[in-house]
Amino acid sequence: MSDEPRDATPAAASESGADVSDGFAARLSRFRERESSTVLITIVGVLVFPFIFNNLLNGYTQLATLMLIWGIFAVGFDILLGYTGLLSFGHAVFWGGAAYAAGIFSASVSSQPLLVLLAGTVFAVLLAWVVGFLSLRRGGIYFAILTLTFGQMAFYLAASPLAFLTNGENGFTSVTIAPLLGVIDLHGGVPFPLSIAVDNMLYVFVAVVTVLSVAMANRILHSPYGIVFRAIRENERRAEFVGLHVWRYKLMAFIISAAFAGIAGSLFAIEGNYVPLGSLYWTESGAIVIMTVLGGVGSLFGPLFGAGLYLYIENIVSGFETLGSFWHLILGIVFVVAVVVFPDGIWGGIEYLRDKVTGGDES
Amino acid sequence: MTLLDVEAIDGYYGESHIIQDLSLSVDDGEITALLGRNGAGKTSTLRCISGATPPDVRSGRIRFDGVDITDEPPEDIAVRGISLVPEERRVFSDLTVAENLHLADTVRNKANTLGRDLDFRDDGMSTSDIYEYFPRLDERRTQKAGTLSGGEQQMLAIARALHQSTDLLMLDEPYEGLAPQIIEAVENAIRRISEAGTTILLVEQNAVAAMKIADRCYVLDRGQVVFEGPAEELQADQETRDKYLGV
Amino acid sequence: MTLLQTEQLTKQFGGLTAVDEVDMEIEQGEGVSLIGPNGAGKSTLINLVTRRLEPSYGDVSFKGESIVGMDPHEVVQQGMSKSFQTASVFPELSVKENATIAALAAEHGSFRVNFFRHRNSYPAVEELTNDVLRSVGLYGERETQADSLDYGNKRRLELGIALAAEPDMLLMDEPTAGMSPDETQSTVELIKRVKDELDLTFLLVEHDMEIVFDISDRIVVLNRGSVISTGTPEEVQNDPAVQEAYLGGVEE
Amino acid sequence: SGDGGDGGGGGGDGGDGGDSDSYPALGNFPVEGDTVTFGFNVPQSGPYSSEGQDELRAYQLAKKHLNNGGGWIEDFEDLSGDGVLGYTVDSVNGDTATDADTARQSAQRMINRDDAVMVSGGSSSAVAIAVQGLCQQENVMFMACLTHSNDTTGKDCVRYGFREMFNAYMTGQALAPVLEEEYGSDNTFYQLYADYSWGQTVQESMNQFLSDVGWEELNSVPTPLGTSDFSSYLSEAANSGADVLLLDHYGLDGANSVSQAVNAGLDEDMEIVVPLYNRPMAQAAGGSIEGVFGTIAWDSQIDNDASNSFTTAFEDEYDRVPSGPAQLAYAQTLQYAAAAERAGTFYPPEVIRELEDYEYDNVGLGQETMRACDHQAQRSIPVARGLPESEQSDGNFIDLVQVTSRDDVGYACDSGPAAECELGEYGDE
Amino acid sequence: MTVLADILTILLNGLQQGAIYVLLAVGLSIILGTLKFVNFAHGALYLIGAYLGLFITGQVPLSNGQLADWGIEAYGIGLGFTAALVLVPIIVFIIGILMERFVARSFYDRPDTDQILVTFGLAVIVQELLRALLGGSSQPFPQPGWASGPISLPIIGNFPRWRLGVIAITAVLVIGVYALVEYTDFGLIVQAGTLDEEMVRLLGIRLSRPYLVVFGIGAALAGVAGVVGGPLANVNPNIGTEQLVPAFLTVVIGGVGKIEGAVVAGLMLGTLQVALIQTGYAAWSQVGIYALAAVILLVRPQGLLGSEVDVA
């Protein structure tokens, strides 16, 4: 992110005699560091993704949509896990909580998608403020279990005592979504120029939110917050002793990640017109941890890949004729193999390969 | 007779070549000092000898008492009679002072090392002697080591090494954080066990302090030996001292 | 002006009184060293002042205001910074980022809600960071990752972080431990220089008497939690009580 | 809502159905190519996987019979045994993992990628409700398999979903007279019920219909989701002094509560009833279900032509006795195919209209009506009783006591669960 | 008198309800506390224990799964329950040792999340392999003949005999492990190894074996839990995952690494749950245990008996 010129590269280039590729690598690395390029990459990514996914990977647009939704969740979660170093095992409460809030809002207040999205996100943020306030007294496994505890409490509350609101075990079935801005039917088709790339308005809507979310995450990580979060992860006590109110920054990290979970959870309700009770269960919290770690913690794009792979196995592999019923087993094997072969997650693996190809450009 | 013989070792942290073709030897009963500036590789050398990784030793041999210990794990090397006062103390913070010492108790370690080649003597310094040297530790027997003051922890680290059955005692900056009068006490202890026959390898930044008790000195720079010889010779060699020791 | 003052400051651990009714005053601009035998209570005293420990009783005031009950970060925000006994940096961040963290806290307070402004748009922070790195001699290493610095440079960075917090007073617990003589010398020079340049007040714990006598305006001697002597280096050096408890002589 | 599918829109009908001219595109209509795809969405992992496998076998059997004849094809006069409407039947499978969300995603894939015109499955009410909601939204037919909650054709009912299985309300109606006859008319009873909508509807219905026969409920206690150790609930139940203990638990929870009740000696002083039996539960409970009453979807012991011919066909194919859910799966698939044939098109609104108020007697439980007002089949209900361990054998754990006639069960369109049902749109309004 | 009986019943029920939590939590806790290893496969060890118990105890008919498809009709060697009670811990101990050696060891230096990922993956693999081979349906696990049926206790009245057995077995095992960890040099070495592994080795102490043993013991406790817990409910491939969350909760409420903490926490959770059920608040019993957990952790973030410093 620094604008200062780098001085190491030319020397290295003339030494290795590979001017062209090293020059390219340097340019590439500068490009990557500019904020606008991150956004650009994301836009291109969400545009070409459904095409590749549907045609080459046996996918379908609704799953691509769902992948982006989980991807948003994972990107936000990584701000907490990867950058701040806090492992929450209760983030389902924000995902599911936002989904319920959005669903209930849509059924009883307004079914405007943007308002529904806002309602779910605000709910997640408020909830995170409370849960974070209570949970952030201790780090490590204690924090993980405390958040898990709040998550499970929410699950059991929604299952029975609050069933009059949530419709309990059957899930919330009365989500209603009006056309976006009164005109665009989210479940309808796409007008011409866009229809080359995607075929579904809901995908376009989610993709736009995804791009905005990635841009937002990127900006947060490039604001002072990003560096403070990393400082807290590496040496919390020292951060306190340079005069930072560590606890409040941690709370902010928690709330920010919950806001992403809230955006994603609301989209999930909008996408499915339905909120399953299982969206609050601890396995959902586990899934987001796994997606993030699988993709590679501490990177912006890694979690997106993790979410994609997880959902791919869950939804595509599970439909295979013979292997299908073993998809859980395959998922388990993927976890084990990935964590052994790619200690830094899929993204770490990709970066490694890229460095190999471009000849390495680390500073 | 040579007790410890380090022959042309190369040590690496990942890809960085920290110890370069380093050879040194320590004679039985001698006090040998290993000197050099920050980052010269002194601690790394001790780690190579004691079997701790990193750095990983990719070439060269280390022999102790005639046995090749280059590839042995640290616990076996310790059992052979090499003990270490490590940099940064490394006391077991949640255990009490007494428990910390107890862990170094050779008799008990013997029980734990069943099945290994055990030709070492049970002659570590007794706890009562130790408490005599360091009355402060005596007072604090039941205190958790992590709550000791910096200097007290350093005393404990030294005491622990003394309590081990040892032929070669390696001390990495033993005076760090000690008040002047305790430094004296530690010097006395080192002299006394040296006289009793234990060989000493002393790592120091402070060449003046080290030369006071050392018989022989090695000076390291960037992982290489740049001087070796009797302490008096180094004392006289103003150039080496200026260049590599800053004194 | 009295910058730091302790009154009857006491800390007990179980039956042990580590710091025993210490009254101490440090004036603005003064350089004070705290010496004493191992376990005398020096680090405990420092920790009481920086709010890492809660006093059993007694009071600490900074700039005339009691700081008992404050959080550590609040004390730092008041202008009191601490350099740590063992080098405590942010290992995976670059040297520059390490200093930036402290500079951010200095320029913008302990917490800021605006998480949306780009880091590069804070020129004051940038400037402060660069100044500090230059003065501790790490400007050339600013892109290096902190944990690949050698020990001496880590200590320098550690000091740099403390300075980037823009303190009025700096507490240092054995800042030269583990440094070679020339490193030690340059650190001492550095401390002297920043003291003059920034009109910094410091409280230093140190066992190396050469340094202590070289650098201090005043020395406080602690033994078994109590102040047994205080005065200029010469006065303290010649105090028989100090001679006995610390400098030479035998332990009781 | 419009075309949620792959953007193909209308046109391009390569098959020989030729019905796309008369109806607009809707859901996955028109069918492209010369095969028509059904989606079979069953639990293939998780605790109900063995049940799911049996359902899957029945679905595959149905597919085979639809394409090649056999089984019930002869008795279903609308079916030819040569595909449906001239299309060959193809299928895709999915795993619900007995989880509503997974099931919904899986159905989504069948609908959007594989262009299924009909999805069938179930095995838990939450799953069925989630999937039928999706099907309504996507204008794809849903033929429910095993789902027993009142809500499926009550407050969560949809136009595109049809249920052959009876519900908790009807269980109460079917079971109460049998219990009265067996245990007398002035009993007290105590209920433990799973604390979610299905368990609650069972508890309410049992209370209602047992009160009608003069029994008195002493207490009913909810057991939270995920309970596997019921011992303290059971010791409270034992202390109540009730004559009959009702365990309104689904499947494996039921197996646990029944066997724990028997192990704690509760069966010595009170009679135990499990309102809804299923096979994995009976199998897991082992000898504990001896003498325990309950209702069951269907059983191979039911002796009529349709039942016997299904049992034979299934045994010929798989060498095992079919379970109740297998019969449901088979029947629902054929039912859909027959309706499409009658309609002459896969255009969903027309198929729905064919199924609504359809009268039939060819699935093994006598005369039935698929009621138009809530899409709930009005049918007879088998009541069964657990066999002692010594008489249990492979696939056979219960003794059929009676089949309660459909005239004795059921409720009007404006009462019971149906009063809360609003079916929604056909999609061609 | 009846109040007394009620209270005693609640306590005894709470004890037995908590006993399984305790067995699992103690094993989990020593592994987490001493090796700093987050073992999400602990539930899978419980699962293995239960299935091994079934296998050793009797003959289990197979009607589903691959084995059944291959024509195998039953599995089991029919040595009886006592044999299972002896053999299962030994076998699971060995499994634990293999797990330490081939899985955990290479993950000690890696972040918690990697440990979670790999052990969770393993747990899924175990669970799904069992399901694929033996089918997903529940199997009844008969109580041992010598302990079935109710026993008449003073004041309380009838109580299932086997549940008393569970309490007794748990108590004996937990006390044994506690003594081993707290009062022996073995325990001291392991504790020291937790704090600074390399330094322990530099003192001449070989750590690989104590680590193996700790992992083995932790695993064996989970295995025993499977055998003694199996007859309380039926056995199916999902029971392992179901136990994981309560077990972790118990560990953390008690304080990581604290055996006595795990015991207190397990009994508190068990008793609270039972008390809510038996006083008519059954609908709140699950919410209740999580609320209690939250309150405890809010008041004492390090757990009931945990130490002040962050352990994991």
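Side notes on the structure shown:
Which chain is which? They are A, B, C, D and E, in the order written, and residues in each are numbered from 1.
Basically, a residue touches a chain if its C-beta (ideal position, glycine included) is under 8 Å from a C-beta of that chain, and two chains touch if they have at least 3 such contacts.
As the structure is a computational prediction, the values presented were derived from the model and not from experiment.
Where touching is counted per the definition, the chains common to chain D and chain E are A. Path length between chain A and chain B in the chain contact graph, taken as the least number of steps between touching chains: 2. Comparing the chain pairs B-C and A-D, the larger number of C-beta pairs in contact belongs to A-D. Of all the chains, the one whose CA centre sits at the greatest distance from that of chain B is D. Between the CA-based centres of chain A and chain D the separation comes to 38 Å, rounded to the whole angstrom. Centre to centre, using the average C-alpha position, chain A and chain C are separated by 42 Å.
Centre-to-centre spacing of chain B and chain D amounts to 77 Å, using the average Cα coordinate of each chain. With centres taken as mean Cα positions, chain E sits 34 Å from chain A. In chain E, the residues that reach two or more other chains under the touch definition are 128, 283, 286-287. Of all residues in chain A, those that touch two or more other chains are 156, 160, 328.
All chain pairs in contact, by the document's touch criterion: A-C, A-D, A-E, B-C, B-E, D-E. Looking at the complex, you find that chain B touches chain E at residues 50, 52, 73-76, 78-79, 83-84, 86, 90, 92-95, 99, 102-104, 106, 108-109, 111-113, 116, 160, 164. The residues of chain D lying in touch with chain E in their complex are 45-51, 53, 195, 221-229, 231-233, 235-236, 238, 252, 255-256, 259-260, 263-265, 280-281, 283-288, 320, 394-395.
Only residues 81, 87, 134, 137-142, 144-146, 148-150, 152-153, 156-157, 160-161, 282, 286, 289-290, 292-294, 297, 326, 328-329, 331-336, 338-340, 343 of chain A touch chain E when the two sit together in their complex.
Within the complex, the chain C residues that touch chain B are 13, 36-40, 42-44, 85-86, 150-152, 174, 177-183, 185, 207, 209, 246-251.
By the touch criterion stated above, chain E contacts chain B in their complex at residues 185, 188-189, 191-192, 195-196, 198-207, 307, 309.
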